[in-house]
Amino acid sequence: MNGHAITMLGTGLIGDFYTNTLHGQRGRDRVRIAYSRSEPRGAAFRERWGIPESTTDMAAAVNHPETDVVVVGLPNFLHEEAVGLAAKAGKAVLCTKPLGRTAGEARRMLETVEKAGVFAGYLEDLCYTPKTLKAIASVQAGAVGDVTWVRSRETHPGPHSAWFWDGRLTGGGAIIDLGCHCIEIIRNFVGKENRPVEVLCHTDTLVHPIADEDNAIALIRFESGAIGQFEVSWTFRGGMDLRDEVAGTHGTIWMNHFLRTGFEMFTAGGGGGYVAEKAETSAGWLFPVGDEVSELGYVDMFSDMFRSIDEGRAPMETFYDGYVVNAVMDACYRSAKRRAWEPVELDWRGGTTPRIASTPETYEGQVVIKREILPDGRQKLILKDPASGDFSDRVVAGS
Amino acid sequence: MNGHAITMLGTGLIGDFYTNTLHGQRGRDRVRIAYSRSEPRGAAFRERWGIPESTTDMAAAVNHPETDVVVVGLPNFLHEEAVGLAAKAGKAVLCTKPLGRTAGEARRMLETVEKAGVFAGYLEDLCYTPKTLKAIASVQAGAVGDVTWVRSRETHPGPHSAWFWDGRLTGGGAIIDLGCHCIEIIRNFVGKENRPVEVLCHTDTLVHPIADEDNAIALIRFESGAIGQFEVSWTFRGGMDLRDEVAGTHGTIWMNHFLRTGFEMFTAGGGGGYVAEKAETSAGWLFPVGDEVSELGYVDMFSDMFRSIDEGRAPMETFYDGYVVNAVMDACYRSAKRRAWEPVELDWRGGTTPRIASTPETYEGQVVIKREILPDGRQKLILKDPASGDFSDRVVAGS
Amino acid sequence: MNGHAITMLGTGLIGDFYTNTLHGQRGRDRVRIAYSRSEPRGAAFRERWGIPESTTDMAAAVNHPETDVVVVGLPNFLHEEAVGLAAKAGKAVLCTKPLGRTAGEARRMLETVEKAGVFAGYLEDLCYTPKTLKAIASVQAGAVGDVTWVRSRETHPGPHSAWFWDGRLTGGGAIIDLGCHCIEIIRNFVGKENRPVEVLCHTDTLVHPIADEDNAIALIRFESGAIGQFEVSWTFRGGMDLRDEVAGTHGTIWMNHFLRTGFEMFTAGGGGGYVAEKAETSAGWLFPVGDEVSELGYVDMFSDMFRSIDEGRAPMETFYDGYVVNAVMDACYRSAKRRAWEPVELDWRGGTTPRIASTPETYEGQVVIKREILPDGRQKLILKDPASGDFSDRVVAGS
Amino acid sequence: MNGHAITMLGTGLIGDFYTNTLHGQRGRDRVRIAYSRSEPRGAAFRERWGIPESTTDMAAAVNHPETDVVVVGLPNFLHEEAVGLAAKAGKAVLCTKPLGRTAGEARRMLETVEKAGVFAGYLEDLCYTPKTLKAIASVQAGAVGDVTWVRSRETHPGPHSAWFWDGRLTGGGAIIDLGCHCIEIIRNFVGKENRPVEVLCHTDTLVHPIADEDNAIALIRFESGAIGQFEVSWTFRGGMDLRDEVAGTHGTIWMNHFLRTGFEMFTAGGGGGYVAEKAETSAGWLFPVGDEVSELGYVDMFSDMFRSIDEGRAPMETFYDGYVVNAVMDACYRSAKRRAWEPVELDWRGGTTPRIASTPETYEGQVVIKREILPDGRQKLILKDPASGDFSDRVVAGS
C-alpha cells in the first residue's frame, strides 16, 4: 500500500490537526517536510510529529524532490503564493479554508491550478464530519424531501492566533473565519447544483476592540427557494458551538458536532488538562469529544483527497467550491454594508434547480391545505375553496 | 380564598387549554359562562369543563352579572370587538395573542382599555414557561452579562383550525401565528426598555397552497445593538419545535420547551392516543411533555394575571406589549416586501438603553483582545498595537 | 371554591417545599398553623409564608380548631407520634416519605389511621412528577407492552440536615432517604397489583464517615418476573441525578427529571444564586429546572390528595403503599446483610399477576425466535427446531 | 509504510465490520485471504471487500504464506481451534470477544499462545470507542477521584445470526454475547489492577422461547470496594442501547455511544435504507451514528493491535483480559444459579488495590460529614460527635 509524501506548509494549530490526522491510526501517508516562517517553530513541529525535515524556505519545501502533495495550512494572505508554487511544481495541492480572502483571489488560484493541470482540493473539514457525510447521503436519498432551510452555526470565544484577528491578513472577521464552513455545509445540503442567488447579511462588532465583525448572521437564497442561514460569532461563551439543522418538506435533521455528542463529564477539579478545542473550563460539567480529528472531519477529508488523487477523480470539495464560498462571503460583506439583499456575483458552473413545489391535492373540488389523523383513525382535512378563498375543515374516513 | 368568575370567549383549542389550566390543580378561579359562535360547540365545551352556562351571544357572555374577568380566546379578527365589549362592561380583560392583526388595531384596543380604566392583560403564554421565567430572572441577575443575541424558534406542521389559514381573518401567516410569541420572548431577554429599532425579514410560501407566508425568518435590531432572531414555519416536520437561545457577553442559555425535555419513549405501537400538541406519529421514538399546560406557560401566566388584578398592579405582559409586538410584525411584513431593513414605527414608552460596550483592557500600552489560560496556568494574551493596528501574542504569568 | 386549612408539622426544607406548593399559583388551600421544634425557626417560617400562627406544641398544632388536614413534614422518628395525634383528632393526615423507619412502624401507623377512619395520604412526590404521571398512563395503556424492567436512580451528594445522617433517627442511610422513592416509582410501573416477591441488595459506606450506607443497589423481583432496580447514593457528584427507565416487551421509556430537562446555561460567573436543589456549582455549564415544585411532583401530589379528600376516594399513594415500601426496604437491609435474595415479608392486599409470557409463533413446525425486516422488504426468521434444539435462519417474503 | 497481510477467519457481520475498518480510510493493512465455512459466502465476501482469495479450509487460510496476522471472527465454539492453528503457524492472532465459552477454554487459549510465544490480542472493541478511550484517560488522570461505581449497559432486540441463540455453540445467552463487553469496560474504569472479587447476578428468560437468558443484571465487587454493574438484554426495544456511567468521589462520566450522539433525524418515510446497527424503524425520529466503525471502537482497536505488534509491546486488551472476563462470566452464571454472591475464581496476575478511603476531616474535635457553600459565601458543616454519635450542623465563615 503506497502512500503519499507530503509537503506541509504551516506549523500552527491547523498544521497540528492535519499532521495528527495524517500520521494517526494506520495511515499510509506521511509528512516528509514542514515549512514554517519561524525556524524554532518548524523544528518543534518536526520533532513533535517525527517529520524528517523542516525549513523556512517555502519554495524549497514545495519543491522537495520526494513529495508529491502540497498541503497549505498557512494564514489566508499566503494561500495564493503557496498555491502558485505548488502549481508551478506540478504537484497536487490541498488548501485550507477559506480558499482566498476574496472571490477575486480565489478565482485566480482556481485558474492557476486549472492552467497547471494539477489536482486541487479544498480542505473544508466540516463538510466531512461523519455525521455530515451520513446526513448528506440521507438527504440525497430523499429522507427529508425537498430541503427548505439549512441552519449552520459556528461560534466560539475567538481564535487562538494573533494573525486571525487582523482583517488585512485574513480578509475579514468571523465570516471569513467561520462563515466559510457554514456556507459550504449549507451548499452540500441544498445541493451543489442549486445556485446561491442572493444574500442578506448583518454584521456587528459587539465585544472585541477590533475593526472587523465579531458577530454575523446571514441568509442565502438559493435558486430552489431554499434558505441557508448562518450564524457566526467570536463572542460565544461555553465552548465551541457547531450545530447544523436541515428542514425539508418530509423531514428534519439536527446535528450537534461538539458540545453535546453523548459524552458528559462532571469533575470537581483535578486531573485537568486539555478537554476539547475552545473549551472554557476544566471543572464542573464538561462536554469532551471522543476523537476530535474524526469528529471534526479531518479523517474523512484526507481520505477523500488522497483517494481522489489515486483514482484520478475530483474530490467532494474542490477549488471551485472554495471560489463559490468566497463569492458568497463577498456578497455578505456587501449586503451588510448596503443593508439589503445583494446578488452573489459568480461564474456559475452548476446547472439550474427548479423551485420547491408540490402539486396541491384536491378533495371534491377544494384544495387540501393539510391532513391530520385523529385519535379515532379518521382524518381532518383543512380545505380552501379556490373560488372564494375561504377555508373550512371536514372530517373524513381514514384511508 | 376567593377566586374570579370568568367569561370565556371562544371554545376552540385555545379555550380548552385556558380552561384546563384555570380548572386544573387546586385553582380557585372558575369559568362561569362560555361564548361560542356555534351552539353545539358551546354546549360540548360547557359539558367538557363543568361550566354552568354557554351562549352564542357575545355581549350577553361579557355582561354576565356574576363574572368579573373576560378572557378572549377568539380568532384574531374578533379581538377588537370583544375587548370593546369588556371595556364597556368595566371588566378586566385578558386577550390571547396576537393582540391585533396590525399595530393600528392593537393601538385602538390599547386606547380602549386605557380610556375605560379596566385591567388588561396580554395572554402571551410562551413568555411564562417555567424555563423562560427562570432564564429571564437569571439574565436580569447578570448571569450571561449583556445580551448580544436571542434566537427564538417556533415551528410546526401548521395550525389545526381552518380560520388560522385565512390571512384576511388573522392578519397574515406564520409570522402572525408564531412570530408574535418569538418577538415577545426576545424582548423579555434583551430587556423591555430596549427599543426595537428596525427589522430585516424574509418570508416565503414554500409548501402550502396559501396566499400568506408559511416560512419566515427575521432579525430585530435593538437600541443596545443586541439582535433578536426569529424563525417561524408551518412546514416543520417532526412535531412542534419550540427552542430559545440567548447569547451574552458572559454566558449562554439554551432552552428546549417541547421536543427534548428529558422524556423519551419508544413504542412499537399500541396504547396510542394523544402524545403531545402537534406530534406527528404515535409509534417509534416519541417525545412527550410532562404537563403541557405548565410547560407551555399557561399556569404561570394566569397566576400572574389574577394576582395582578388582586394586587392592583400591571401584569408582566400588558396590552402595550401586545401593541409593540404588532408594530414589530408590521415592520417585518414591510421589510419582507421591500427586501431591506425597515424601521419599527412605534409610540415608544420605554426608556433608552446604552450600546453594549466594554472598555478594552490594556497591557503595556497595547489593547488586550483576548486572554487564554494555558494548561500550565500561564496566560496567553492576544494584543493589538493601537498605533500600527498590528496584532501579536504574548505569554505571561497567570494571575 | 372552598379550600382546606392545614396544620403543617415541620418547618425544614420539606416544609418549605410543601408550603411553597400549597401557597403557589392560584391554590385555594392554606397553611393555618405551623409546628416547629424550635420557636425562632417556626416564627421565621410563619413570616416567610404568611402563615397566621406557629407553635412548638405539636398537639396544639394538630388540634387547632380551624384546620382539617395535618401535613407531616417531620424527621422520620416523629412520624408515628404525629400520625397518632392526627388520627386521634379525627383529621385527614398526609405524611411525608418514608412512612416509617421500619415496616413494623409503618404497619402500626396504617392500623392507627384505619381504626380512626381518617383519610391518610402518603406524600411520595416523585411518583407524581408530570413526566411520571404521563408515563404511567402510557404504560397502563399498553404503550410498552409487558414491563420487564424498571430502573429508578436517585443520587446526590448527601442530605442538607444533620438528623438525616443519623440512622437512629431515620431508620438507615441512602436506602431510607432515597430508595423509598425508587421502590414506589417502580411499583407504579410494574403495576401495584404485582407483588414484590424478593429482593437482592448490596450496600456500602464508601465516602462519608458514617455508620449507615451511603451507596446501595437493589433488585426487586415481582410476581410477573419483572425486575425493579434501584440505585441510590449520597456520594454522587454533579448535582441531583433523578432518572427512571422502563423497558417493556414493546417499548421503552427514559425520563430525566432534573439534570437534563431541556434547560442549559453557561455562565462565566456573576449573577449567581440558587440554581437548583443539590446543584454543586454556580458557574460553568449549569442545568436549572424550570419550576421545581411542579417538576418534582409536589403540585400534582397535593392536587390528588385534596381532591381525594373532597371526593371521598383513596389517593394514588396511600399509607398501605408506604407500608409496602417499608417492607421492601426491610428486606433490602436483610438481603445486604445475608448477601443473598431475601423474601419481602408483607401482608399483601393486592391480587396476583401472571408471569410475563408470549406464546411463541411457529413457522412450518419451527419456533420463531425473531423476525427482522430486511432492506428489500423481505423478512429474516430465526428459527428453532423444537426436537433437536438447533437454530437456523430463513428469509421469507414480507407480510 | 508497510502494513500487515491478514488472514480473516469468518465472513459474517463481524467479519464485515472488521474488514470495513481495516480497508477503510487510508489504512495500510489488507486482508489477504478469507476463510468461510461456506464457499458462496466466502466468495461474496471476497468480492465485497476486494480480497484476493477465499477458502473453506481453515488451516490453509491460517497457513497462507503471505499473511502474518490471523484475525478470528468466528462463532465462539470455533475460537479455540482457530487460535490453536494460528499459534502453531507462529502468527500473531487477534480473537474476537468473548475469548472462550468458559474460563477453562479461555485459559487453554491463553496457555497456547503463551507457549507458542505469538502475539495475541483480544478484540474487545467497545473498550476502544473514542469516548471510552478519552474517558479512561480522564479517570486515570484523576478527574473523577476514586471510582466508586461503573454502570455498563448493552441491550438490543437480539442477535442477527442463528448460531448466537444456541447456548451450546456460544456458552450462554445475553451475558456471553453482551456482558463480556460490559465487564471489560468496567475493568478499564476501576483499574485493571483492581481484582474482581465476587459477583451477584440475576438472569431470566422473559421474552424469547430459548433455553438461555435473554436478560441479566450483575454486580461485580472489586477489591477497592468499587462496584461494577452491568445490564444486558436481548429484549430491549428502540435500537441498540450502549451506555456507560462512571461515578467517582470527585466526578461523574456519562457516555451514550449509540442512540443519542448528537445526530437526530425525523423522516416521514422515503429515502430509507440502513440507519444504524439494530435500528428498529426507518421512519419517524431516528438516531443514526456518524461513522459506526469509529464510534464502536474498531478503528482504534486495530490501530492499537497493529502498532503493538510493530512495537513489540502488549496491546491494551490481551488474552489474559479475555480470560478474566470469562472468569467473571462463569461466576455470574454460578451466582444466578445459587442466588447469592459468588467468588470469581481466577489465576490473578494483577496486584492489590487499597480500599477507597478518605481520612475524615475534623472540626473542633468533631468529624466533618459534609461541607455546603451557602449563597452568602459562608459554609454549613454537618458534624458528627465521635463520642455520642450525634449529628449537628454549624455555619462557619467561608474559606
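Letters are used for the chains, namely A, B, C and D, taken in the order the chains are written, and counting of residues starts over at 1 for each.
Following the convention adopted for this analysis, contacts are C-beta pairs under 8 Å (C-beta built on N, C-alpha and C of every residue); 3 or more make two chains touch, one makes a residue touch a chain.
What you see is a predicted model; the values in this text were computed from it and never measured.
Traced through touching neighbours, the fewest hops from subunit B to subunit D number 1. Two copies of one sequence, subunit A and subunit B, touch each other mainly through matching residues, since over half of the numbers at the interface are common to both. Relative orientation of subunit C with respect to subunit D corresponds to a rotation of 180°, obtained by superposing CA atoms and rounded to a multiple of 5. As a whole-number value, the distance joining the C-alpha centres of subunit A and subunit B reads 33 Å. With centres set at the average Cα position, the gap from subunit A to subunit D is 35 Å.
Each of the following residues of subunit B touches two or more other chains: 144, 237-238, 250-252, 266-268, 272-273.
Taken pairwise by the contact criterion, the protein chains are fully connected, each one touching every other.
Remark: subunit B residues 144, 148-149, 151, 155, 157-158, 160-163, 165-166, 168, 200, 202, 204, 206-211, 215, 217, 219, 221, 225, 227, 229, 231, 233, 235-238, 241, 247-252, 272-274, 339-341, 356, 358, 360, 367, 369-370, 372, 375, 380, 382-384, 389-393 touch subunit A in the complex.
Remark: subunit C residues 1, 3, 22, 24-30, 129-131, 133-135, 138-139, 141-145, 250-257, 260-273, 288-291, 294-295, 299-300, 302-303, 306 touch subunit B in the complex.
Contacts from subunit A toward subunit C in the complex involve residues 237-239, 266-268, 280-281, 283-287.
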